[in-house]
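Labels A, B and C are assigned to the chains in the order they are written; within every chain, residues are numbered from 1.
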Amino acid sequence: MLNYITSYLGSPVTPGQAGNQLWALIYVLIIFAGVSVVVMAMNWLERKALAHFQIRLGPMRVGPHGLLQPIADALKLMLKEDIIPSEADQFVFWVAPLIGLLAAFTVYTVIPFGPSQAVSDMNIGILFMLGVSSLGVLGIVTAGWASNSHYPLIGALRSSAQMVSYEVAMGLAVVSAILMTSLNATGTGTLSMIGIVQAQQQQGIWFLFKFFPLGFIAFIIFAIAMVAETNRAPFDLAEAESELTAGFHTEYSGLRWSLFMLAEYAAMIAVSAIAVTLWLGGWMRPFPNLLNAPVWEFIFSLFPALTFAALAGFALIGTVRMPSHSFFKIQRIGLGVFALLLAFIALVLLLIAIVGHNSDNSIAARTREGIDYIYWFMLKVSIFMYLFIWYRATWPRYRFDQLMRVGWKVMLPISLGVLIVTAIVGVVVK
Amino acid sequence: MPWTSPMVEKYKSQYGSAVEAQSYLGQNYFTVDRSLIPNILRLLRDEEQFDYCVDVTAVHYPQREKQFDVVWILYSFQRNERIRVKTQIADGASIPSSVAIWATANWLEREVYDMFGIKFDGHPDLKRILLPDGWKGFPLRKDYGILQQDKEWVQINLGIESGQ
Amino acid sequence: MTDRTKNDHAKDVPNAAAYVGGTKLDTSHLELETPEHPYLDSNELIINMGPQHPATHGVLRVILKLDGEKVLGTECVIGYLHRGVEKIAENRTYTMFNPYVDRMDYVAAVSNGLGYCQAVEKLLNVEAPPRANYIRVILTELNRIASHQLWLGTHALDIGAMTPLFYTFRDREEILKIFEKYCGARLTTHAFRIGGCLYETYAGFEKEVKSFLKFVAPKIDEYEALLTTNRIWLERTKNVGTISAADAIALGVTGPVLRASGVKWDIRKAIPYANYADFDFEIPTGENGDTYDRYLVRMVEMRQSLRIIEQAVNGIPEGPIMAKVPKVIKPAVGEIYHSIEAPKGELGYFIVSDGSTQPYRLRVRPPSFVNLQALDVMVRGMLVADVVAVIGTLDIVLGEVDR
């Protein structure tokens, strides 16, 4: 029994490839739970970071420093009255957020957190991702249509036009990254997500820096297009309140609206994961070839523990700085417990790093490797998440026609150009 | 105090007694006959360069025979001079609109109509501007009591007695 | 459970018929262009930007006639905040009316008070003493900065940049603190009296004003760093809501809007009042008369205000702060019109006195009212998203529009 479990801990292939449905299901559940938790954490981070950008504090009351705010929000939304417009198309109204959610979550089946830590490594992975994430548009359009009111309809149409136009640029940028995977001995590239990261590993360079500045420009195009894909600032006309239309989710209240928000944040994480996989080396730690002495391996493997220790340190500082008034007693205790929890996790990670620091095939080593892969991947994705929030705080909003102009007249030609030049350079270098 | 200036001389010679020019506390104003409106306004804009119509307003003197004073306050950028043009009209009479001369006058005359009930001929869209469309009465007239509007409107529209 | 399909809420509101469809849009007076290619389905929508706005301008209703996204014509429905200030003035003495004046343009209350007090002083033919004038200038210019800061925050918010709002409001707090220390109120200050100022400057006034000047200059640079060269801001504001100088003069637009269209006119320089002639400052003008120019003009105006305040606070003369004004103010029979350069434009008071203690007629010439008229001209041919930007750039305060 133990063998059965541990045998899959260090499996070199994903459960999908191994045909192991049980583990695939477990991975799916882990991803589902993980994404939901990350979305809640994103919600908190967004409110806090936005507030700090705006010289205010953000939620402070619900839980220490607002840490329980997302839970309170989720509860509130669940308990809200479910209002359905009487003239709305009932079935379509009900199914629209589900379509969006479906599109956002299905992408996670191909996202690789490690060389074998994915639900399934399809050999058309990136194509699958592009196709499925386009389904999100359908969710928005059906939501706007089903609301039977012309403000949501206008918002939905605008949003769908925006998403469609930036998908073209996104796709072309992705293709130029795929081209770079074929710069190996056999001359065949791969569409599989894990294969792309392994190609970066083989070539010893993140595609971000490959044929500088070509990879960089392609990355920038993708980075801008992904912000437009997810309807985030500065491309957030669809959800902007101070514009005329209030967007496609006007008529949705309570849990239905939170499903849209869940889909939006999940999509954000998904496209950031794509960007990380394609250009930033996926799960690889920085400088795997340059600094490949065992001592560097050990130092880099300490990073997860150090991160959690730093977080625990922040929480501890927060606890110490909280006023010692009786009003804050519960918050102080709560934050202290949270700090201790983080410290405990840091300790566990440290143990795993120390015990498994040699790369033999023991359980500890395999666990350490797995944790490292997931950690570096999530760290890079987190940087993107923070950037999303930073953009929202800083920039004004694009007007719709300007948005479309940028998508079609600026991004598309540049991405086409990058694609062509990458192909030429690739042939020449060969 | 009488106001003398070349411009005054010109208009006095042109219109004779229909134009009076005075000055009070350093501010100059014409008092013209109603028949001269809008010609004199047009002349002031075209010849004397009073291209900025600062305000159009009215004053109600119920004891007078011609109850309303309609006042235009004009300013010239080139001359850096501000003058007033006043005319007197009777209750119920209408007065030509100056919207064709200065586009500013559009809302200003609407407000005068709204508050006093003075109709402006030739105004493109003379309807109430500040008060709701169905309002009865013209508040800034002297015979419009300050409390009466409250009681009547509240009674009709909210169905209760006003607390005033 | 009520049957939600029937729209019979109207029966619960007495006399609702007067209000349902009471503002039926009669577009015959708007010279609307009909689209050249009539489409199968007419794209003309009439959209109502209702009295309740997410943008913080007050209760303004704008009815837009759209062809798809383009605006063909607008109609503004105002009067939601009409409180009958002019009628009230006829029933209050001159001194009693002073606090009412702050409530019109509540953002720049000190300017309103300055205009009114100076108008009545003119009617009485008295001059406020120089010390009072210097104090008035300092407070008025501080209020100008505060008003422009509020304008900047809300305008940026309308266009989508949410952060400058918080920065400007935080910095505005310092000005409001000075007001509070001076006269006890932050917003509706009632700072001046007819004949001068009632309150002497408090101990430390000069020091606080000087430290405020040092505090706020880098903050204005901060706002500029966020917006002035930001590509998205430029795209949203350049060539949006353009009005030519000729149109502006014809429509009677004043204030920064007029100056941004290229007309270098400021009442503080043209017809100086309250010792403004003693101070050395410049009048910024723009070239195109678009939203971006109005933004730049107001930013420069803020800096010029700092200049004026610095000169004023360094040279406050000694002397009385109140002129010899009778206890019961009974001006002689006559009329007066006096206007000042409020942050929004030319704010004028036309007072007719019949020799009694109460004004016979008090007319306020509100800059926002006249500027709002220009909205129609400015948004023709623009897109819907620009309407919000243009309303923001006109810097209207509904309290002043409606009085």
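Points to keep in mind about this one:
What we mean here is this: a contact is a pair of C-beta atoms (placed from the backbone, for glycine too) under 8 Å apart; a residue touches a chain by one contact, two chains touch by 3 or more.
Computed from a predicted model, the values in this text were never measured in an experiment.
With steps allowed only between chains in touch, the distance from subunit B over to subunit C comes to 1. Compare each chain's C-alpha centroid with the centroid of every protein C-alpha atom shown, and the nearest one belongs to C.
Each chain gets a centre from the mean of its Cα atoms; for subunit B and subunit C, those two points are 23 Å apart.
Computed centre separation for the pair subunit A/subunit B is 66 angstrom, with centres defined by C-alpha atoms.
Separation between the centroids of subunit A and subunit C, computed from CA atoms only, is 46 Å. Residues of subunit C that touch subunit B in their complex: 14-15, 18-19, 22-23, 26, 29, 78-79, 82, 84, 86-88, 91, 122-123, 125, 247, 249-252, 263, 265, 270-271, 334-337, 339, 346, 348, 350, 352, 360-361, 363, 365, 369-370, 372-373, 402-403.
Against subunit C, the residues of subunit B that register as touching in their complex are 24-25, 27, 29, 51-55, 57, 59-60, 71, 73, 77, 80, 82, 84, 102-104, 106-108, 111, 115, 124-125, 128-134, 139-140, 144, 146, 156-159. Those residues of subunit A lying in contact with subunit C across their complex are 50, 53-56, 86-87, 150, 233-234, 236-237, 240-244, 392-402. Note for the complex: subunit C touches subunit A at residues 4-5, 45, 47, 49, 54-55, 69, 156-163, 165-167, 170, 226-227, 230, 232-233, 235-236, 383-388.
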